[in-house]
Amino acid sequence: MSTTKPIIELRDVRKSFGAFEALKGINADINEGEFFSLLGPSGCGKTTLLRMIAGFEPPTAGDISIDGKSMDGIAANARPTNMVFQSYAIFPHLSVADNVGYGLKTKKLPKADIKREVGQALAMVDLVGYGDRGAHELSGGQRQRVALARALVMRPKVILLDEPLSALDKKLRDQMQFELRELQKSLGITFILVTHDQEEALIMSDRIAVMFEGQIAQLATPEELYRRPATQRVASFIGVMNFLEAKVGSSSDQGVRLDIAALGKVTLPHAAVPKGMNPAQIAKVGIRPEMLTLLFDPTDKAENEVQAEVVSSDYYGDMTYYSVSLPNQKDPVTISMRNTAGRSIAAPGSPVRVGWGVESVVLFE
Amino acid sequence: MKRGTAPKWLTIYAVAYMVFLYAPVVLLPLFAFNDATIIAFPLSGFTTEWFELLWSTDALHSAVGNSAVVAFVTALVSTFLGACAARASSRYSFPAQKGITGFIMLPLVLPEIIVAVSLIVMLMQLGLSLSLWTVVAGHVLICTPFSIAILSSAFAGLDQSLEEASFDLGESRWGTFRRVTLPLVMPGVISSLLICFTISLDEFIIAFFLTGTDATLPVYIWSQLRFPTKLPSVMALGTILLALSVGLLLLAEWFRRRAVRRQGLDASSSEGLL
Amino acid sequence: MARRLSREDKQGLTLIGLPFGYALIMLAAPLAMVVTFSFWTQDYLDINRTLTVENYRAVFSQPIYQTLLWRSLRISLIVTAVTVVLAFPIAYYLSFHMKKNKALWLFLITVPFWTSYLLRVFLWKVILGYNGVLNTALLKTGIIEEPLTFILYSANAVVLTLAHAWAPFAILPIFVALEKIDRSLLEAAEDLGDGPFRRFWRVTFPLAIPGVVAATLIVLIPTVGDFITPKLVGGTDGLMVANMIQIQFGKANNAPLGAALAVTSMVVVAIISIGIYLVGRKIGGRVAR
């Protein structure tokens, strides 16, 4: 359960490696108790940012504050953060229990206390009884849990996770996504996750910062990111997006007139229009595959309709993805339809009506 | 050629080669226990008198003592310098890295006599006298490259995120070194100590040039080679040295395997030895 | 493009500074001094510091030094060739025909070399001598009637002894290079129609060349500087330049001349080594790594 009190404040954080600018001015607040993700393709700077929050790299400029206190000059071992490394970094010469209790031993806690805390942490990650095992006896998934337990036992203010699930196979990854989310909710600790997997970010996060090339493109909730992506790049990175040509028309009280070449004319409410759009401007419009419907039955109705032709279809078991050619549009669009009983799959070349609604239209500059 | 089975001539060659390799070595214990003062066939009976003779030779004792001290100090200093260089190369990249490291490794490809001659010239110029310490100085020069070679793989196998993790969990730099780095490279350190010790123990040319009045073991052996009566006891000495060196080497290999196993890799690979 | 030193750079430089500093003081400085020294002269115990090329003139004109230099070079090259050629099959055998326990066999190959070098050379004297092991065995089995004399106190003895001494140093680099060869390359060659001999010459050998070059250099360079073997088993025909260097520093009390000899042999060896390295690069370099 996240609050709106920021626990981490990033103010114009920049990082350069020689001539290469890895981070070009990051501004963001991360709230206490929230599950926050840094999402982006490889090389966008998300891991660099995470390591700077942890204290392994100093910023070239800008400030990082944790819980109101600036971290300028404060080394990694003095920060109220703990990290789960991508390679897990389990100490190979120590047992599981010694690994988990490592930080507690540094704090010179009494042995009995360490044992108790370690036991609790191992229970949290479902590794009860594994204390005496050696690091080399563990599977990848188990190692990941040990790394997590080792960070949790320190009761930090923030837990940083660097692509923790990327080395696991799909089933295990899905399971861990669920468990991590549940754990975070029950503990109430702030989690910051770095990932390149947009599905993962959408499933687990309260809020996501999408990063490209050292900058935050959009910081929003998963739903906001999906339904109202700020730029075309964010729109393509998260899920699949169809892009259509459109011309901006006049503005009125109801909204802005849009002439979408493939779909027709529509009025977009002002709230959905980016600032600074001018009449007669050529723009791009985005609409998600599931927001376009193939109207098979003559009795099927939608808010707006247009005649189209099916180009091809891909069957995925629960869904079928159609490639559909719309009028005035060179490239076909992707339309996804759930395969419910009784509905046959449209054949290539067959004419079809496509339905769509105005609130699913996203306008880009 | 069937996969896996060698052609006959190759196997015969391999056997003959091994005989060639071991020919002198086999003779060593043979003549050490031989009851004769001349090193030649045919063999006479079995005796341990040459070993007993060694036991009572004072000059030998001091030579052994000298060699032990020199080898011990050399091992420590070389391993320390080697650790500095290996750590610097694995963790950091600094300007002129290849050139600097290459220069430190240079003694590996220089004939020992060149090293010995250069050092003695410098010592002459500086007016310093020769002693066991000058021998140590020379030995450290040639042993450090070996130490670097051994420790480079130990440090390279050290995952950098392990030290970062320790740091992240609140440990200091020294604490991280003590609890994470050192235990993980320790087998490599021990291996380096043993190998440098063995190299110094057996090294002759530099010791010959740079020693003052105190002889190391090889220098002592050299002085004995011209006396035919001393030869059998020299054989005995050689046998002991061989056993010692083999023992040390086995120990070094055992430690290397332990290191590799600790880091979770394949211990039976032949890479470490190289 | 000058690079400002980061904190990391500085830490790295401090660490390497220790061994590097040591090498500078103990290696670079002495080497520089040897070169300088070779331009001085010595008269009994007095050293004349005026720079002169007198020593080098002696080295290049007087027949005794010339003979020694050329002989040392010849012997070293022969030793190197013999050692490397003999080492290659055994490295090959170990790499391609030993499935398990490669490390064990490598260890067994190195064991003989943990005997004292002096003793090993001395034992070859025992083996090759007039009444030595080899002659006794050959006489007893009736293969010869008179003991062989050419095997000891000759250049041959030096070659044999050094070939033995440097064997593992030749075997190891070749072994490493052979191990690195992707076996599936050979399978591909077989699949494309090459028989075992052609496979060896077209795939295995070219890829092993870096190892052969390394082995060659590892053997060549130190053998030029060896004076023990020539002294013990070389007789008068087997003496090498290192013996002369040792004498100049010792009994003959002409250290500058010794230095000049040392520098000369070093330069000659360096030139040859660079040549071998470049040739090896050219032949082996045609093959993509």
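Each chain carries a letter (A, B and C) given by its place in the written order, and its residues are counted from 1.
What we mean here is this: contacts are C-beta pairs under 8 Å (C-beta built on N, C-alpha and C of every residue); 3 or more make two chains touch, one makes a residue touch a chain.
A quick note: this is a predicted structure, and the numbers were derived from the prediction, not measured.
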item: Contact graph of the chains (line, ring, star, complete, other); value: line
item: Most widely separated chain from chain C, with each centre as the mean of CA atoms; value: A
item: Chain pair bearing the highest count of C-beta contacts; value: B-C
item: Chain nearest the global centroid, as defined over all protein CA atoms shown; value: B
item: Between chain A and chain B, centroid-to-centroid distance (C-alpha), Å; value: 56
item: Centre-to-centre distance between chain C and chain A (centres being mean Cα positions), rounded to whole Å; value: 62
item: Approximate Å spacing (C-alpha centroids) for the pair chain B, chain C; value: 18
item: Residue numbers of chain C (touch at least two other chains); value: 3
item: Contacts with 2+ other chains: residues of chain B; value: none
item: Sites on chain A at which at least two other chains make contact; value: none
item: Residue ranges of chain B touching chain A (in the complex, touch as defined); value: 159, 161-162, 164-172, 175, 179-180, 183-184, 262-264
item: Residues of chain B defined as touching chain C within the complex; value: 1, 4-6, 10-11, 13-14, 17-18, 20-25, 27-28, 31, 39-42, 80-82, 84-85, 87-89, 91-95, 97, 100-101, 103-104, 106-107, 109-115, 117-122, 124-125, 137-138, 140-141, 144, 148, 198, 202, 204-205, 209, 217-218, 221-222, 225, 234-235, 238, 241-242, 245-246, 249, 253, 268-270, 273-274
item: Interface residues, chain A side, partner chain B - complex; value: 54-56, 75-78, 81-83, 85-87, 89, 91-93, 102-103, 106-107, 135-136, 150-151, 154
item: Chain B partner contacts - residues on chain C that touch it in the complex; value: 3, 5, 8-9, 11-13, 15-16, 18-20, 22-23, 26-31, 33-34, 37, 86, 89-90, 92-93, 96-97, 99, 102-103, 106-112, 114-120, 122-124, 126-127, 129, 131-133, 136-137, 164, 167, 172, 175-176, 179, 196, 217-218, 221-228, 232, 242, 245-246, 249, 255, 258-259, 262, 266, 269
